[in-house]
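Worksheet: the structure to be examined is printed underneath.
As written, the chains take the letters A, B, C and D, and residue 1 is the first residue of each chain.
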Amino acid sequence: MVVANTDQRPEAYKEMKDKYRPSHADYTYDAKYGVRAWPGGGRTSARETIGRVAAGAVAKKILKEQFGVTVLCCVQQVQKIIAEINPDHFTLKQVESNIMRCPDKKASEKMIRHVDRVRKAGDSVGGVLLGVARGVPVGWGEPVFDRLEADLAKAMVSLPASKGFEIGSGFGGVALKGSEHNDAFRMRRGKVRTTTNRSGGVQGGISNGETIYFRVAFKPTATILQSQDTVSRLGKNVKLKARGRHDPCVLPRAVPMVEAMTALVLVDHALRHRGQCG
Amino acid sequence: MVVANTDQRPEAYKEMKDKYRPSHADYTYDAKYGVRAWPGGGRTSARETIGRVAAGAVAKKILKEQFGVTVLCCVQQVQKIIAEINPDHFTLKQVESNIMRCPDKKASEKMIRHVDRVRKAGDSVGGVLLGVARGVPVGWGEPVFDRLEADLAKAMVSLPASKGFEIGSGFGGVALKGSEHNDAFRMRRGKVRTTTNRSGGVQGGISNGETIYFRVAFKPTATILQSQDTVSRLGKNVKLKARGRHDPCVLPRAVPMVEAMTALVLVDHALRHRGQCG
Amino acid sequence: MVVANTDQRPEAYKEMKDKYRPSHADYTYDAKYGVRAWPGGGRTSARETIGRVAAGAVAKKILKEQFGVTVLCCVQQVQKIIAEINPDHFTLKQVESNIMRCPDKKASEKMIRHVDRVRKAGDSVGGVLLGVARGVPVGWGEPVFDRLEADLAKAMVSLPASKGFEIGSGFGGVALKGSEHNDAFRMRRGKVRTTTNRSGGVQGGISNGETIYFRVAFKPTATILQSQDTVSRLGKNVKLKARGRHDPCVLPRAVPMVEAMTALVLVDHALRHRGQCG
Amino acid sequence: MVVANTDQRPEAYKEMKDKYRPSHADYTYDAKYGVRAWPGGGRTSARETIGRVAAGAVAKKILKEQFGVTVLCCVQQVQKIIAEINPDHFTLKQVESNIMRCPDKKASEKMIRHVDRVRKAGDSVGGVLLGVARGVPVGWGEPVFDRLEADLAKAMVSLPASKGFEIGSGFGGVALKGSEHNDAFRMRRGKVRTTTNRSGGVQGGISNGETIYFRVAFKPTATILQSQDTVSRLGKNVKLKARGRHDPCVLPRAVPMVEAMTALVLVDHALRHRGQCG
């Protein structure tokens, strides 16, 4: 890994000192707080997620050791390239086998090549992450406000650059009729199970024992190296052309964030469930 | 309005007394709490949202009178029928002009006919709601955990039958490159504005002064009048055929819920913003 | 019980319509919210505690049935009359044996006579309540912010007319040296117990298995039937002489409030403890 | 200041390794969490308050600069030695003029001599702190659960070694009749003021514009250098004689803690008030 020349790096940010990056957080942050920390993205940088990931590591350990629950996440889509991934079966090893963190080898290679092209053009792309939690027992969650899926939704949409959340069949599920969409119950090895899992492991805010899976949409990185229309702090219409090193695709870096937030939501509900029903 | 015969109505629910409805909340609720209130859907009924709607009415009034903010919601999609709606321009009058609560007249007629056919077949459909908040000033929200879009996500996904939330360009936005997706800033009448609104009125967790708009996915109603595979409370594989009157499509009824939750989230952030920066 | 003549009662409050009662909540409430609901004390009336008492009844039942914990409260002091009460031994029957809710018969008779004299003089008195929780196991509470005694303090001082809270030896304990004040540990029937209980059942924020006991100070009722200096809503110096029926001593009525708030704090910590350590 | 020999200091704690200090937090902490960090008092050490004091420094600055509010605290009583202090008039300079942090010179000298004697005897003493907030405007606080005095009570009783809280006339006020206790309202320079301040600056949960003052009881330090009965981790009755350097009186060190917690409670309510009524 190459460490950036610390003298030069802020130089690269100077172009952004007095100009707001389009679709970035720096305008709204300045407007609200009157604070503008432009080098490195400042206070609005995704660097803040380091605390979430650290706490998530503890949460994942508790989930694994005390409840037998595994949390995992991977890249499922980069711009229009979509990987084939079964929420029940992909592994950490597969995820970490390539820098895209996509367990579908063929797709991951396409994605990597695509991001490379985009990077060279000074542009950026977004995509979709798939998060899963396996082994969650029946009963975690709440029936009204703090539904398990509602807390997951907030956790995911609180991540930088995320624009959407869907659990189970999600937005795609609305194309089906109830008779096609419902997950039939059947007894299997003495347990109530479902024969399909369009519910995504949660029914009415409470886990039903099936694998929990959900998708999170991340927009293309706001900071690009092309010339864009914007305004300055002084209220002038200007052009901005960012320099420096910027991620053309944040997806692989968002994987540990999604895992961390998932683990934090689940461990909270594990304790609440034990408190109420233990 | 016809008042249901109270003697007969529970009768219609009896079939469901000992059988869990597929994809309904009644299995997980029973598993967690050991409580089964089958008539009327019991504790897991969407009737609980009445309190949200009542509180939302107060919140909408505060938003309108003190901050000039309007909250509105409508049906945008029913199964595969998609209406054309501009988040900036549809009106309450248009929404309330038909029982589907869809301001696109042509689409609403198709939707109504479709739901009617589905109802006759004893089946159900889902769809997508569009929620908007117009006139929100720059600065509402928080940069990290309690992002405005994160709180909206939780509020929406806490509603019965909702399976997804997306703000601005949402899941569709991932198909674009950064250079296509970014909202350019331009000065207009002395204000910082954006020329497009793929951000959906929020950047980095904080409102940017543009119209806030988002979409919420609702799955097809779980309770249908066709025979389905399920299990009984005693752990037997059985068939269930629900009777009684059940909504074949909850979308129009969810419109006031989405408005209420939007208003509650916004009024909270209005007070927080005034407390911190007022 | 005589039901007040509803036509006449508001009449009795009219004198207070435009004049703030000294040491009552009605001035600060009006100053903050611009709302003045003078009949019956309005929004600032202790009638609001009915919700706390109702919830407390459920909490007491859970504590008793699931954890074997008993919550009890009584009047220990009225103005300068102090009863002799052992936190470990007084009973509900003794408390409810007289209208003063003081289990020390001799003291209660003195208190009742005293309150009667005070009432005839159009004056009022305050006093001290003793709250206890017996059977709380070792380990409920938190070591830092949400200490068990801190949550009890907030709960008690949130009650109308309360001006102080002390647990165990409280303010009196500061007259002792450490060597006199410390509760020695000794093994008793295989359990770690203390030979004295100046800690009041809590050490470092966490219950130690001994009886929890605390005292709550209630000031004399603000509304009295004597002429007092005050100001009007219009900012004039005036005289106020309240009429109508007002409690000359709120202590016996505060007993169920203290029990309710104690039970609510304890049941919260019971669930938290089971969640964390169960 | 002499820096402790770090090699020797843990040695001094060894006696406490397997023996619980009477009236200290280490037994309950171990019982709840199964963790025993004996050197330096471990997790239950008052060292945790450093974070509160740091945050309080920011809160004090906001209160001073944005609202003109001053927060101050001093030692009012050490065991039986009671200082004469007027909540409206003592100054930071007076407080910091002596190591006891007591603005009454005569009393502070007595206190210092007394603590010295107690220290030599291997014993400890407690006392009472007086906290004040001057310049708080009318209207901060809430009428029901989050009363200003309730939040102050929780904040103070959450401090290590504190056993009680009283605001205004507190426990002493119960000796008075309503006619003696009520604070008459009078107009002064166009403002509603009280001629006395037994309310302690708060009425019905909301500040009334007078100086807020309250007292906090701190028990004698639990760790003393005399032989005491206690039990070991293995459940044996034993004798414990602590060694090392231990505060014979924590009062002066608790002054900044009380100031910090007061400032944090007030700045929270300042923001809430501005949010609701600003």
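Just so we're on the same page, contacts are C-beta pairs under 8 Å (C-beta built on N, C-alpha and C of every residue); 3 or more make two chains touch, one makes a residue touch a chain.
Since we're looking at a predicted model, the values are computed, not measured.
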Both-way neighbours, i.e. chains that touch subunit B and touch subunit A: none
Target subunit D, source subunit A, minimum contact steps: 2
Separation of subunit B from subunit C, taking each centre as the mean of its C-alpha atoms, in whole Å: 45
Length of the line joining the C-alpha centres of subunit A and subunit C, rounded to whole Å: 49
Distance from subunit D to subunit C - Cα centre to Cα centre, in angstrom: 22
Numbers and ranges of subunit A residues touching at least 2 other chains: 273
Topology of the chain contact graph, where touching chains are joined (line, ring, star, complete, other): ring
Complete list of chain pairs which touch one another: A-B, A-C, B-D, C-D
Residue numbers on subunit B that touch subunit A, as the complex places them: 20, 22-29, 31-33, 43-44, 48, 77, 79-80, 118, 123-128, 138-139, 141, 143-147, 149-158, 160, 163-171, 173-187, 190, 192, 194-195, 198-200, 202-208, 215, 217-224, 226, 228-231, 235-237, 273, 277
Contact footprint of subunit B on subunit D as seen in their complex: 271-276, 278
